[in-house]
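In the part that follows, the structures are each spelled out as structure tokens.
What follows is chain A paired twice: with chain B in the first complex and chain C in the second.
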Partner chain A sequence: MNKNKVKEKNKKIKNINLEYIMSVNVLKNFIEVLSTKYKTYAPVNKEKRVVWAQIKNFNEISRDYIDGIQTTILPPKYFFFPPNEKLLFLNSNNVDYKKNEQIHEPFILFGVHPCDIHGLLLMDKIFLENYVDDFYKEKRDNAIIIGMDTMPNEWNFSKSAGTDIIDSGFDIFLIPLKENKFYIKIATKKGLSLIKNINGLFPLNKNDKKLLTEFYTEKNKRYKRNVDMHDLPKLLDRTYESKIWDEIGKQCVACTRCSIVCPTCYCFNIKEDYYLNLIEGERVRTWDSCLRQNFALVAGGHNFRSSLKARIRHRYYHKERIFSYIYGKSACVGCGRCSRDCKANIKPDEVFNKLRQLEIKS
Partner chain B sequence: MKNSLYLPVKTKILKTKKLTELEKYFQLDLSNFKKFDHKPGQFVQVAIPGVGEAPISIASDKNKKNTLDLVVRNVGSLTNLMHKLEDGEYLGLRGPFGNGFPMEEMKNSNLLIVAGGIGLVPLRSVIQFYLNNKKNYRSLTIFYGAKTDKELLFTDEYETWKTKGINLNITIDRESPTWKGNVGLITTLFNKIDFDYLGSKILICGPPVMYKFVLLELIKKAVPAKNIYLSLERQMKCGVGKCAHCAIGSYHVCIDGPVFTYEFLKDKVEAL
Partner chain C sequence: MPENKKVKVAFFDFASCEGCQLQVLNLENEFLNLLEHIEIVNFREAISEKSDDYLIAFVEGSITKPSDIPRIKKIRENAKILVALGACATHGCVNSMKNMFKINDVKKATYGDDDKLFDSEEAKPFETFEQAMPLDAVVKVDYYIRGCPINNKEFLMVVKALLKGKMPEITDSAVCLECQAKGNICLYDKGEICLGLISRGGCDAWCPSNGFVCEGCRGFIDKPNIERMKEIIIEKGLSLEYAEKRLQLFNSWELTKNKITLIDDKEKK
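Up next is the complex of A and B:
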């Protein structure tokens, strides 16, 4: 067999594509079984919002999340790239560093949106390509992803971003249908092993296919935000001097909430701290944001982006261009979290629309 | 002990020497590294436990003794503590990182180095590389500018450089009773020195303001943008293309740079 054929064969083995229908009761049972075996995290309600938390049964999962009322505060990046992570232990007497060896075990992320899976795949490019970030990889390798489609919430524009559908990046994928049914797709060996002992999976019949179509029709109807995202990098290149940047530069208060909640914001800071014995200590990385005043300051005091206008413009340029030039994709997956949580009410879909409209006018 | 992308290697300081009021030279022993294959223009992340890391240029070419030279200007927390380190002490080291100057691509050309202040440090690795591979290059000319003659770096190497055929031109910003050479900004050298600008590769490193004025001179002389190589400085936290502190638009200076051609940079925003 030549190399290509071997590759193709491997691909076939990897790309399992099994589709079934199950009742909500079967799913409930499935989750109970899973959660005794693996730590299982899913969106749950907390103080009127939705957060990722460990669950033991289906009823704990946020109804708001499934119905597309709201999404989680944080995207799943949080599991692989935590906001505050101890990387190394240090000893200043011996001039010595040691890796903070973490114990990892497989865990399940249940209910990840298509747009958030897209976000994870982009994060993988940052953390796993060129130099492999061992801290990210160790956690990522242990994650079992069970994706789930839901209705879009009021901020989501993933349809415009082309991230409303996903065909890889998960082990299992679910779609909630009418008649108390769930569509389930198994995409990997891992996924296959999980459903091995589950009874009550049936092939799709005509009615199920109809329910599936209805789900998508309803979903597409529910998108409230639509934006023309074609050729976004080029649009941004042409509108670099647009007065829109002055406007939003004046609005933004650099609270950095948009960076915290964004599934594809990955900037971080590294710092070292002493323990109180003043000999040992640790090196920690924390989430950062390019909106912070000193983010691009260099020795000698030169700041490459001293104004807020320049910094928020950079956030957009970095997000839209870095991935599109390097990976052919926009890094805004349209999840809408930054619109939801912005202190200044800045919404990327509206920014893109304004840039395009203003360009057409002038 | 498991390895990590972020784990510095304990590295012994063999020799130190104060070069100027602000700059100190370090010779490091690389024998704790399994492999350390560096190119001119690359950098390392230097660490002092409890303080952190900073990117520092490699100031030497590969050598048989398996050592590495650094020159550090005392500007902040890490560099301040480095200035207190003496021979026989240790620091942490990760690297080498960055693309470095494309010495292969520059073969058979005249080379012109334009360095301002501490910008000569990374270019010293190019100078040493040139001396080790002289037959591959036509010539090397250096334009080097500093504020005062007291700030000149590597002064005890100038004679060797010159006797080995390097055309060294130095200028200082203001007159000084102890200085007999050129006075004026580095740009003044471009009119004083007769040089085949068009047929050469030009390597630049210095403070951000210097780039603008040097580029103006080169553009005046119609030097093709693809023959101009600039080494950029950015705030760097990781050095390996993850933290995004060093981002210029779509690129990470730590892995896509720090050396870029002017051809590449001229339409990039917030780059120069």
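Up next is the complex of A and C:
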């Protein structure tokens, strides 16, 4: 068998598609079993917000999250592309470096929303496609993704972004249904091995299928934010000089929060810090933001985007237009985190709608 | 830089609490290790020797009186690299709160009826400017180590970078970047006024991470959008008066220089 055929065969094995129904009690048992074997991270309540944290049982998971009232402060990118990461150890005497070998073990991300899984798949394009980033890959390879669909929260517009449904990028996928039931879909071998010793999985009966349809009907009804994202790159091509950008430039305070909570913002800074012997040191990667004043400052002192208007416009153009032209899709997955956290009230769905309306008017 | 020749470094202070120099000494063991690379020729808080021969000058404090001017100019002349150390030196800090008032009122508030003594001949050396100024209002500053007080690890980073002949990387992003990356709950969500939105970070969001609002001790980010900040405070139903007081604590120099106020005179009762 040649390599391609092996690959194809593996792909076939990977593409499992098993659907079951289980009761919430079975899920509780399932999570308890999982969390003894693997570090399991899930959305949990922290004061009035939701954050990712390690859990031991189902009851720790945020009810708000399952009910679709709110999502986590930080997106799952946090686990694969941490805000501060030591990459290399340097030695300036022999101009040598050593990779910072991290210890990795499989871990579970539980309850990842479809739009966030889309976000991870986009991050994979950045970090795994043309140039493979070892640090990202090692963590990504060790992650077991258990996705979960929920009702959309008040900021989410993933239906408009086409990221409300997901068919890959997870090992297991759950949907909370009425009658205390959960729909479970197993998509990979890894996922299959996880449910091996779980009793209480039943094939879907007529009633279950009805509950599933009801879930989707309800979900579609609950979207409060809708935006026409059709042909967005071309719309942006035409509206570069729109007065909307002046308005948003005045509205933004450059706090950089939107890019930090964005599931697909990946800009980073590289810093080198020497130890006190001034010979050895380390290279660190930290999250950066295109909204920072000197983000586009180059040697010689020229700043390509010194005005706030230019910076926030660039953020939108990179997300929607540049990304679309390179990767064939928009980098905005409609999770709504930036709308939620923008103190200056800038909401991408509203920006897109305004751009389109203004164009129609003129 | 020739080997086995240590770089000569000097520390000076103007109007300040000298806490930033203390922060340097607080490095303790690391400070001793640093002495393998540098020779300190001036440091009133640590040694009694004095010299005008130095390459790098770290200067703490604000310029507040006429006699400060020739002194800082002399330091600038002597030093190849001048680093402003701490908020008083970088942007006026609490010293600049006096900039919002008439100087006679300040004297009165501080010394009561004894304020008249300022008019006497003996008090001449103590004459003060109407404004407290950061160093760069008078001389060129090469690098800024911000904060009240400074983070001594950042001081170390700057010294090491200078010794390696590199440009120290001092952050220009808002406090929110580091705060949000830590996954903190925004203090605005708790109904508080946090200046992190428009204040310079690099502090690892120390205050908001420990539940206390940012007061902007590292100064504003470049071109802060204070106009919008004001609207945000109004939109959230928070107190402009309180916000203005917060802003004035560390940033009165920039506020008075650029005539920035949150509350117009018309709005004041």
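One rule holds for everything that comes next: the second predicted complex is superposed on the first by the 343 of 362 C-alpha atoms of A that agree within 3 Å, B and C clash if a C-alpha of one lies under 4 Å from a C-alpha of the other, contacts with A are read in each partner's own complex, and residues count from 1 in each chain.
Everything that follows uses one rule, which is that contacts are C-beta pairs under 8 Å (C-beta built on N, C-alpha and C of every residue); 3 or more make two chains touch, one makes a residue touch a chain.
As the structure is a computational prediction, the values presented were derived from the model and not from experiment.
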{"item": "Chain touching more of chain A, residue-wise (chain B, chain C)", "value": "B"}
{"item": "Touching partner for A:274 - first (chain B), second (chain C), both, neither", "value": "both"}
{"item": "First, second, both or neither for A:86, with chain B first and chain C second", "value": "neither"}
{"item": "Which superposed partner A:309 touches (first chain B, second chain C, both, neither)", "value": "neither"}
{"item": "Touching partner for A:190 - first (chain B), second (chain C), both, neither", "value": "neither"}
{"item": "Contacts of A:139 with chain B and chain C, given as first, second, both or neither", "value": "neither"}
{"item": "Touched partner set for A:354, first chain B, second chain C, both or neither", "value": "neither"}
{"item": "First (chain B), second (chain C), both or neither touched by A:95", "value": "first"}
{"item": "Contacts on chain A seen with chain B and repeated with chain C across the two complexes", "value": "92, 271-274, 288, 294"}
{"item": "List of chain B residues in touch with chain A within their complex", "value": "1-8, 10, 47-53, 73, 75-76, 89-92, 207-208, 233-235, 237-238, 240-245, 247, 249-251, 255, 269-270"}
{"item": "Complex interface listing, chain A residues touching chain B", "value": "87-88, 90-92, 94-99, 101, 126-127, 130-135, 240, 266-274, 281, 283, 285, 288, 290, 294-300, 302, 304-305, 310, 314, 317-318, 321-322, 324-326"}
{"item": "Contact footprint of chain A on chain C as seen in their complex", "value": "30, 33-34, 36-37, 156-157, 160-161, 163-164, 166, 169, 172-174, 176-177, 180-186, 188-190, 196-198, 221-225, 227-229, 232, 235-236"}
{"item": "Residues of chain A that touch chain C when the two form their complex", "value": "46-49, 51-52, 73-74, 78, 83-84, 92, 250-257, 260-261, 271-274, 276, 278, 287-289, 292-294, 308, 341, 343-345"}
